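First up is the structure itself, then whatever we jot down about it.
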Amino acid sequence: MTRVLLTAFEPFGGDSVNPSERAVADVVAVHPPGVEVVSSRLSCVFSVALDELTAAVARTEPDVVICTGQAGGRPDVTVERIAINVDDARIPDNAGRQPVDRPVVEGGPAAYFSTLPVKACVAAARAAGVPASVSQTAGTFVCNHVFYGLMHLMATQRPHMRGGFVHLPYAPEQVTDRAQPSLPVTLAAEGLRAVVTAAASRTEDIVVAGGATH
Amino acid sequence: MTRVLLTAFEPFGGDSVNPSERAVADVVAVHPPGVEVVSSRLSCVFSVALDELTAAVARTEPDVVICTGQAGGRPDVTVERIAINVDDARIPDNAGRQPVDRPVVEGGPAAYFSTLPVKACVAAARAAGVPASVSQTAGTFVCNHVFYGLMHLMATQRPHMRGGFVHLPYAPEQVTDRAQPSLPVTLAAEGLRAVVTAAASRTEDIVVAGGATH
Amino acid sequence: MTRVLLTAFEPFGGDSVNPSERAVADVVAVHPPGVEVVSSRLSCVFSVALDELTAAVARTEPDVVICTGQAGGRPDVTVERIAINVDDARIPDNAGRQPVDRPVVEGGPAAYFSTLPVKACVAAARAAGVPASVSQTAGTFVCNHVFYGLMHLMATQRPHMRGGFVHLPYAPEQVTDRAQPSLPVTLAAEGLRAVVTAAASRTEDIVVAGGATH
Amino acid sequence: MTRVLLTAFEPFGGDSVNPSERAVADVVAVHPPGVEVVSSRLSCVFSVALDELTAAVARTEPDVVICTGQAGGRPDVTVERIAINVDDARIPDNAGRQPVDRPVVEGGPAAYFSTLPVKACVAAARAAGVPASVSQTAGTFVCNHVFYGLMHLMATQRPHMRGGFVHLPYAPEQVTDRAQPSLPVTLAAEGLRAVVTAAASRTEDIVVAGGATH
């Protein structure tokens, strides 16, 4: 049975909830058939989050790791294509750190592609009735930091492990008075379950367009 | 007991569903306590929709009428403030009609304000956990047409009746591959129930800002 | 020769410039042939702005009045279709006033349509190479306040005068670090000149779609 | 004297102009003091564009290469941070090619960072009054293809050359009836001149935040 480690983030940037935490809890509670799902909650703090991730991987020895986080303002579940080797924080993290143009890993490659079947994951979420798309950037904050750190860990120490990152929209209750796009946690979790299933069951991706002109 | 007539629209513009139909059906099935809810489905056709509305009002003799429709692209439930006396269609309606700069009612006033307690309706939806806001324009298509026609009917023939219009976002299943904001029908219905309750229980509005700088 | 009064607003909401002031100055300096252009600057203060407008109209006795203001975030020149009888301020005006759901004119009609040939004005701006469109709402702040007050003045005391409102985008120098749409003042002025010409030379509008589905 | 090669793209995707062509022509005509500017026009065709770029580099032997292209919908001049090793075309290129998830360079690294001083370039454009920002993704179409190919060429064969990519908004005349953000070519050129000056005069970047939370 494939073991999947899902990680989520604590709230940040003034929000009191993080939809990733609740969506991951939902997937752990009702996981896809044939897959073992374990989870871990990461601090929204540069470097600390990566230490926590590394410890969770060592503790759970998963086959697949899918880190998740909040992408406030995006309307759909986005499966990230690539992690880049830079920290550039517009806002302080939860420990007040605000690195600018620092590498996630000194001497690491400029970027790592997700080793999830990104297009298949998007297609699976859509087939489950959940709006989803490929994203060409995970930003330069703690989400990308963890995504890059995960891919570097796998590339250097865990060659048989596969992994990637999925961003979730705001939950409706976060934006009742903000006129911002949202997706209920139950629906985000449904999409995440589809992503987990697709990621656990196939290594080859499907060939469908999912790019951006810019 | 207050009787509320809810109207919804059939699909239009190439969509195969209209979230207003399903949200209204949900509110009829599970209506707020102390309120009788009846409903009617309107064609997305200029003039025909208004005849249907007039017939439904005559048939059901409601105290309050809340017409609903789809506002694809908006992220939240929007309670409309004002109906304007113009039809100006960017796309053809479901009968192929595409009026440009024609009055809804020849000789009617330029506009009617909603007689729902708009701000209280928004506050009630938000309190129910549903993203909501006031909208300053219902457009110039069939939604505004029906809204204006309703207000004119009440102003000229049904002075004791109150009414207005509520726009609902796309349902997620309409936009799985479109990267557009959405709101599940169950949540839209929850918001609509809150609006119905607020509209049925009070005539005076609350005083909270809900405007736009432009 | 047709005399056109153009009004502009002082800066507001924390901005140090208002593109409407500079665009109007540009049109006064280089006005369209066959048209006399006079101008007036209005305070961004409820009620005071209307007194200033009324005085400017009495002083200049124009044939056409076109009030202009800033619509930060809109990408193009927008010719407003309708003014509504409500003040609902999200932010304080320049005198700290923040009315909520108050009529512009007690007892006035719900709305007035612009008496400019709105579609012809948009077409003229586009023909001059300037992005432009019809807007279905001028908001509920001081711009709409002045627009409504103007139309009420004309409806009640100046039946031969025609008028309306045009919103201009941010100037680029206002948003160098904000990733917001903008339009240079020279281009906004070019669009405004086309609007002035169209407004001065015709009373009948052209019939082309310019509406919104919502 | 530093020699800068600027490249621009031919129109694509149904547009009849490409603002990059005209902005580059403007910078060639009026170039910054102390800098020699040469230019080349690239086809919007996968692979062909890269051959053309390679030939232009061989022909002009520049110190710095700045490729430019159109990013329709973006409101400001964006200096790209990173090029990624993937072609994924949502629309066909000008030769009808539509690669999906193919590497730009087989066996190349996942990504290359721009070797321009990205933050200094953005600061210079802003100081010149031109809206500008850092972009975390150049997309996956021909722009990113050329950007990646350029960086690969320099990394493998031209270690002393520096380069990067700058995206320009639509020109106003492209979107007069589309309600899309735009920037006049003269202003885009002004921003590009500032970028050229910054890129030619310094190799170290400044340390200011320019990241994205996602």
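A few comments on the model shown:
The first chain written gets the first letter, and so on, giving A, B, C and D; residue counts start at 1 in each chain.
The rule we apply is simple: contacts are C-beta pairs under 8 Å (C-beta built on N, C-alpha and C of every residue); 3 or more make two chains touch, one makes a residue touch a chain.
The structure presented is a predicted model; accordingly, all values stated were derived computationally and were not measured.
The chains in contact with chain B as well as with chain C do not exist; no chain meets both. With respect to chain C, maximal separation of chain centres occurs for A (centres as means of Cα atoms). Centres computed as Cα averages put chain B at a distance of 47 Å from chain D. Here the spacing of chain C and chain D, counted between their Cα centres, is 38 Å. Per-chain CA centroids place chain A at a distance of 30 Å from chain D. The set of chain D residues touching two or more other chains is empty. If the chains shown are joined wherever they touch, the resulting network closes on itself as one ring, and no chain has more or fewer than two partners.
Considering their complex, residues 13, 69-72, 74, 81-82, 84, 86-91, 98, 100-101, 109-113, 119, 136-141, 143-144, 167, 205, 207-214 of chain D touch chain A. Those residues of chain A that touch chain B in the complex are listed here as 75-76, 125-126, 129-133, 172-173, 175-184, 187.
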